[in-house]
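One structure, as structure tokens, below. Some questions next.
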Amino acid sequence: MRAPSSREAALGEVLLAVENVSLSFGGVNALTGVSFDIRKGEIRAIIGPNGAGKTSMLNVVNGFYQPQSGRITFKGQVRTSMRPHAAAEGGIARTFQNLALFRGMTTLDNILAGRALKMRRGFFWQLIRHGPALKEEVEHRRRVEEIIDFLEIAAIRKIPVGRLPYGLQKRVELGRALAMEPDLLLLDEPMAGMNLEEKEDMSRFIIDVNQQYGTTIALIEHDMGVVMDLSDRVVVLDYGRKIADATPGEVKRDKNVIRAYLGEPHGTSV
Amino acid sequence: MLYREAGQYKSSYAADMAVFPILQDRIGIAVILLVAFVVFPLAGNDFVLNAVMIPFLIFALAAIGLNLLTGYTGLLSLGTGGFMGVGAYACLKLTTIFPHVDIIVWIVASGFFSAAVGVLFGLPSLRIKGFYLAVATLAAQFFLEWCFIRIPWLYNNSVSGAIEVPLRTLFGIPVTGPTATPVTRYLIVLSIVVVMTWVASNLVHGRIGRMWMSVRDMDLAAELIGIRLLRAKLLAFAVSSFYCGVAGAMMVFLWYGGAEADVFAIDQSFLVLFMVIIGGLGTLIGSFFGAALIYILPIALRAVPAAFDLPIRPAAAEQLTFVIVGALIIVFLVLEPNGLARLWQIGKQKLRVWPFPY
Amino acid sequence: MDILYKIFIDPFVQMGTAPDLLVQTLWDGLVAGVLYSLIALGFVLIFKASGVFNFAQGIMVVFAALTLVGLHEHGVPAFVALGLTVVVMFALAFGVERLILRPLVNQSDIILFMATFGLTYFLIGLGQLVFGGNPKVMIASELYLPKGAIEFKGLGGFVSLQKIDIAAVIIASIMVAVLAVFFQRTRIGRALRAVADSHQAALSVGISLEQIWVIVWFAAGVVALATGIMWGARSEVSFSLQVVALKALPVLILGGLTSIPGAIVGGLIIGIGEKLGEFYWGPLLGGGIETWLAYVIALGFLVFRPQGLFGEKIIERI
Amino acid sequence: MLSTDLGLDTLPKLLIHNAAALGDRPAMRHKDLGIWQAWTWAQMLEEVRAFSVGLAEIGLKRGDKFTIVGSNRPRLYWAMCAGQALGAVPVPVYADAVADEMAFVLAHAEVTLAVVEDQEQVDKIIAVADRLPYLAQVVYDEPRGLKDYDHSRMIAFEDVRSIGRKKLASDPECLRQWEAGVAAGKGSDLSVILYTSGTTGRSKGVMLTYENTIISARNANAFDRLDQNEEVIAYLPLAWVGDYIFSYVQAYVAGYCVNCPETAETVVQDRREIGTTYAFAPPRVYENVLTLTTVRMADASAFKRKVFDFFIAFAGRWGEKILDGEKVPLTVRLLYGIGNLFVYGPLMNQFGLSRIRVAYTAGEAIGPEIFRFWRGIGLNLKQLYGQTEASVYITAQPDGDIRADAVGNASPDVEIKISDSGEVMFRSPGVFAGYYKDPEKTAEVLTPDGWVHTGDAGFFDPKSGQLRIIDRAKDVGHLKDGTVFAPKYIENKLKFYPNIREAVALGAGHDSVCAMINIDLTAVGSWAERNNVVYASYQELAANPRVYDMIARHIDEVNRSLADEEVMAGAQIHRFLILHKELDADDGELTRTQKLRRGHIIDRYSPLVEAFYNGSTEAQIATEVTFEDGHKGVIAARVAIRDMKPYPARAAKMERAA
């Protein structure tokens, strides 16, 4: 009946493989020949100083940017370029560094929107919003309520997200991503601008998501402590190049990494 | 204060997701419908029905149409007039070619034609955004206007170049044409508007509405949760134009009883846009408020001098209305940029939390 | 087959066989284009500096012209009237800033856009109320604008250029030049450009946003006045002009909302394009295609270059 | 009519009976996943039975003790009954108890099985597992986060239930056996052990039999004519006798529906949605709601505030009379009607009290003003006096005979006498069976002929004939000059000011009365906002001189009112200070039911007490505090002391004469 000493990383087969991907905007290289993989069921951290190309990496993975060269294999299928919604259909969900919520909609609707791909009832049922259409709505509402319960945001269920404090908005955004029941969840600085307590909550949620739903997670995070606690493996980017790829413990000792972090700051946030 | 919500608990999601979850609201709606369907036909005189209620309802429907596009999906359109026209002319052609099919069927069916046209001109919306799109829709407006004038077939080659509404009956009662009584026409318009409003609210409260709103609020994020932007936008164009088309058809067949192309000129587009903005973007009830204000206000203004029989030339009165309406629009935008619907919500909220301020 | 010929071959044959008509058409298109450009210029000025999509630009043209003529009708000497009109336009700019822009600052674009709709209605009503609704004749001669036409033979026919059109082109060019200088050389001008980029920058130059707004709206007003005079002199001063003014919109999106050169080039493309279209292809469609051709040109163009000819490329980030 | 049906002498029997008698009436609702999930009595029986059988399967036996820890949710209530059906005894523990307290209770009660809400509680138990030799199994409701825990001695609620279901399905005998087991239960059996966080020392386990609770419940239901149509909301701690009786026993006896809120934060909203008809709360709750009201109204428009204040004042004047059905002028009735339309009605509705029939306050004396406010706006608020040892009911106020200063007449079947020492004593069917494993304490409290020492000093009010409680018997003291000094009495007068959350009056054995004040962060906080007083923390706000001024005004008023009462005139407050930290149960300054632990406070703040009486104008104090997560820290502060000018008692008398 004792509490688990530490979470054993259950590393499965490769879910996503990135092979020397390069990306540049009008001459500026955001990424150069980056390769790494994400395995089923792990929590993978992508870290690096500002301008290292972390966010660009995520944007490439979920098809928002098209890399000039390189190969991305997701669930065994190779793809060089794809539209974002295709990524979503493929099972990749995503949260953003500076929130991308639907501000005009309530918490509930935001998360329900995350079910867009799962809801299939045709247009003509939607016109009446009874029978099958309503039945479907109810089913999905139920799933969404489970997520709301999971993220402990029941009290703000019907408040337009625009009016919520930052920390809660982050949670709602996570909720929307979870509603997609993704195989791969990309979190872009999930704890940016949070106070200690909020960070602790968020970490708990991330771990629980990973355990409860077995969701594979790739996250960008600045707070080293958090990275060390959460992640199974860490990729370190600097100037759009991969400078390290190992377990948190090793990365902390890697001198390239240390140099990259102590070295004078450069670049603007990508 | 009026709202006494204690004891109104929801034990099913269906009930919780209802459009009017609060008992008092449901009562309110019932009362309004009762008044609209019973009291007006009995009490309202022909002027009220003809010059106020019928046009008000028709504009409200058009406003709902535009609101679905602009308010819910965030696509600014200046082509409303054109799309309304398509409906009207489509209806004319249909009833001319198949005179024996019930006109009401055609009034509704004509919506499909404007929907098709809407989709066509909506195609660029994937790449074009904001004002650029607005201007693009002007292309639709002017092109359609031109068609209405230049293609005689559309108005059955009538010498006047105008639509002449034929007599059509339903169960022997004249529905369109000169002999149709205002009450009949009013009731038909009302029924169509009520049903279509209900349908619209179904749409916006369901999956489709969420899709549209997510495109409006942040199209990138919308795409990243798997929404196909083009589909969503075209659907919005289609539905929106459908509503405008039906409104246009009703305008000619159930209100004017005959019209020329200039009825669907760009001014009409602007008028409806005013209604949407003043009423409140992204709210159905706002569309009704907007229609009421923008349409009924000028009538009232014109009535004023008459009432106090002030010596004002009708022309001057007309111009004065322009000035006042223009000024009012600005004033409204300054006072409540979110439109009358917002005011309504605030008021309602106040009543709900009464006596507390929040 | 026959139709294809009519569309793709016949028009060019005509151009070749009757170059005089071609030149004539081009000239007409050029003149129309120049006036479009002027109106578009007004839009761009305001959009650049205050981010407002000023729908009222068209009516400002009419209003300015109407005021000028109206004043003269009331016995005011032409040039005094001209001066007074400029004053009126300034008053207008001032009023707009006070009563619309300031209260609506940092509202969403569409709201400001709608506000300019309100302004349009207001000006239509006011103009008619004060000066009457019926069309008027521009006081061209009183302003010493040339009349008549220069005709010269050649090109297998003869081409006639209205002097007023020539004047229009010249004046338009002068105005553009002046504005260009104003923007490039003067302190205020630079401030205006700065505003387009960032408001802080403007403040750093030491000019308040409010002042800048007044200035641009005034500038736009003056441009409107000039346009009004030209256009009025060519046809007449009436509210039908307003619809013509809408032509500036396709010009805008063609040129890009924020680009002055864009406005000019766009204007010329549209002007010439629609005249050619009307003259050579119009008949195929029963004529009158001028009303929409401009928009369709712009639309077709936009699909390939959403940010317009000279607009900056939009890179979307998240 | 159920309540006369005397065959039903245990709760499981009642459950079976209700399932048959009121089959598809709602027995419980729980706002879960956004909507109110409901269970009829029949469904509830099925749930309880399945879980009960499951518990038996995992080894719960007759006579075993098992604990329940968590917030108010159906499954935990069911667990109680499920265990009782097997003849086991539930020992609910406060969900917010720190691991230590929990360890003590579980060990002392020899608990063999725990039914807990979630990971938080599991972790607490794990932390003290080594001190719980008897504990064999932990059943948890929320699996969230427990996936990787070692399950050798842990099992999920669902699993237990499905074990039960399978067993019932597979083995036809099982049902009969289970029912036989229920039938074997007797009214005289021990039904529950409730640990009272006594105001002093370690808590004691009060043993109550089925008869104790069921008879008390029946009497109570009859007294207020409660039947299966009531709706109550269960939000008070499961381990408190109040909740046990109101949300469990009385519900089973009357067959009414118990509603569990979605979360602790949403209780008000949830109560509003349900529209409860019967409510019970300690004064604190009514106090908080009133505070909240004043705070919220403070932000209302001037006009609205005027209207509001006028009508509230009016209600204060006439409301009670109208409520008690006295004769009042027609105009008053009319005006009250208007007030009811515009203020009282909506207000009650906001609090979800529109449909309420009876509301009780108990556990502590309620500020007369608070009491008057609520009754004024039409809430049938009554006082009762009770104790865990009495299965709650000792006295209660009958409809129409309500007074703020008394707690009512003896409840049905209850005898009350005042001992020579002035202590209230009672005897009733509800009298507890003794303290678990603590004969001495039992002997101290329970006399051989069945009388119980309440430990409260009180007397029967000659006017109303109702019982009046002055204070804890041991707390009633005397100043040096022999004046009677009843601290609680003074504290309550202070606490009725929204700005004052807690107050501790000192003076026994000294020559004057002094008071330590806890300000109410909500009320004073919003006052600070309105008067743009900036503050970073409670401590800073408490130290603010302007806050001192405000509190001083309150105390001055209290002194005046004290001066009006011959007995108390001598006990006016001479000096006061505002504490630098909020009194907190985690620091043992309050009991879990938020009662002051005076003794503990006095030695904890001895430096301040000294300063009070050596005349110094400020004092240094450092106190150790326990934070949410259990780790300890020290708060140090310099606390200012203010002098007050007491009113001459005689002058007060003359005022009254004039």
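Order of writing sets the labels: A, B, C and D. Residues in every chain begin at 1.
Criterion: a residue touches a chain if its C-beta (ideal position, glycine included) is under 8 Å from a C-beta of that chain, and two chains touch if they have at least 3 such contacts.
It should be emphasised that the depicted structure is a prediction, and the values quoted were computed from it without experimental measurement.
K.L.:
State the pair with the higher C-beta contact count; candidates are B-D and B-C.
P.N.:
By the number of C-beta pairs in contact, the winner is B-C.
K.L.:
Counting only C-alpha atoms to place each centre, which chain is farthest from chain C?
P.N.:
D
K.L.:
If you average the CA atoms of chain B and of chain D, how many Å lie between those two points?
P.N.:
Whole-Å distance between the two chain centres: 57.
K.L.:
Express in whole angstrom the distance between the two chain centres, defined as the mean CA positions of chain B and chain C.
P.N.:
33
K.L.:
Taking each chain's centre as the mean of its CA atoms, how far is chain A from chain C in angstrom?
P.N.:
49
K.L.:
Roughly how far is chain A from chain D, going centre to centre by Cα mean, in whole Å?
P.N.:
Spacing between the chain centres: roughly 45 Å.
K.L.:
Give the residues of chain B that touch two or more other chains, as numbers and ranges in rising order.
P.N.:
Each of 12-13, 16, 220-221 in chain B touches at least two other chains.
K.L.:
Can you list every residue of chain C that touches 2 or more other chains, as numbers and ranges?
P.N.:
318
K.L.:
Counting only residues that touch at least two other chains, what does the list for chain A look like?
P.N.:
Counting only residues that touch two or more other chains, chain A contributes 64, 96, 100, 141-142.
K.L.:
In the complex formed with chain C, which residues of chain B make contact?
P.N.:
Counting only chain B, the residues touching chain C are 70, 76, 124, 127-132, 135-136, 138-139, 142-143, 145-146, 149-151, 220-221, 266, 270, 273-274, 277, 281, 315-316, 319-330, 333-334, 337.
K.L.:
For chain B, which residues count as touching chain A in their complex?
P.N.:
12-14, 16-17, 199, 202-203, 205-208, 210-211, 213-214, 216-218, 220-229, 235, 282
K.L.:
Give every residue of chain A touching chain D within the complex, in rising order.
P.N.:
1-4, 7-8, 141-142, 145-146, 148-150, 154-155, 157, 204, 208, 211-212
K.L.:
How about chain A: which of its residues touch chain B in the complex?
P.N.:
Those in contact with chain B are residues 62, 64, 83-85, 87-89, 93-94, 96, 100-105, 109, 112-114, 116-117, 119, 121, 123, 126-129, 133-134, 136-138, 141-142, 176, 180.
K.L.:
If we count contacts the way the header does, which residues on chain D are in touch with chain A in the complex?
P.N.:
The contact residues of chain D facing chain A are 32-34, 123, 125-126, 129, 138, 144-145, 147-154, 262-263, 265-266.
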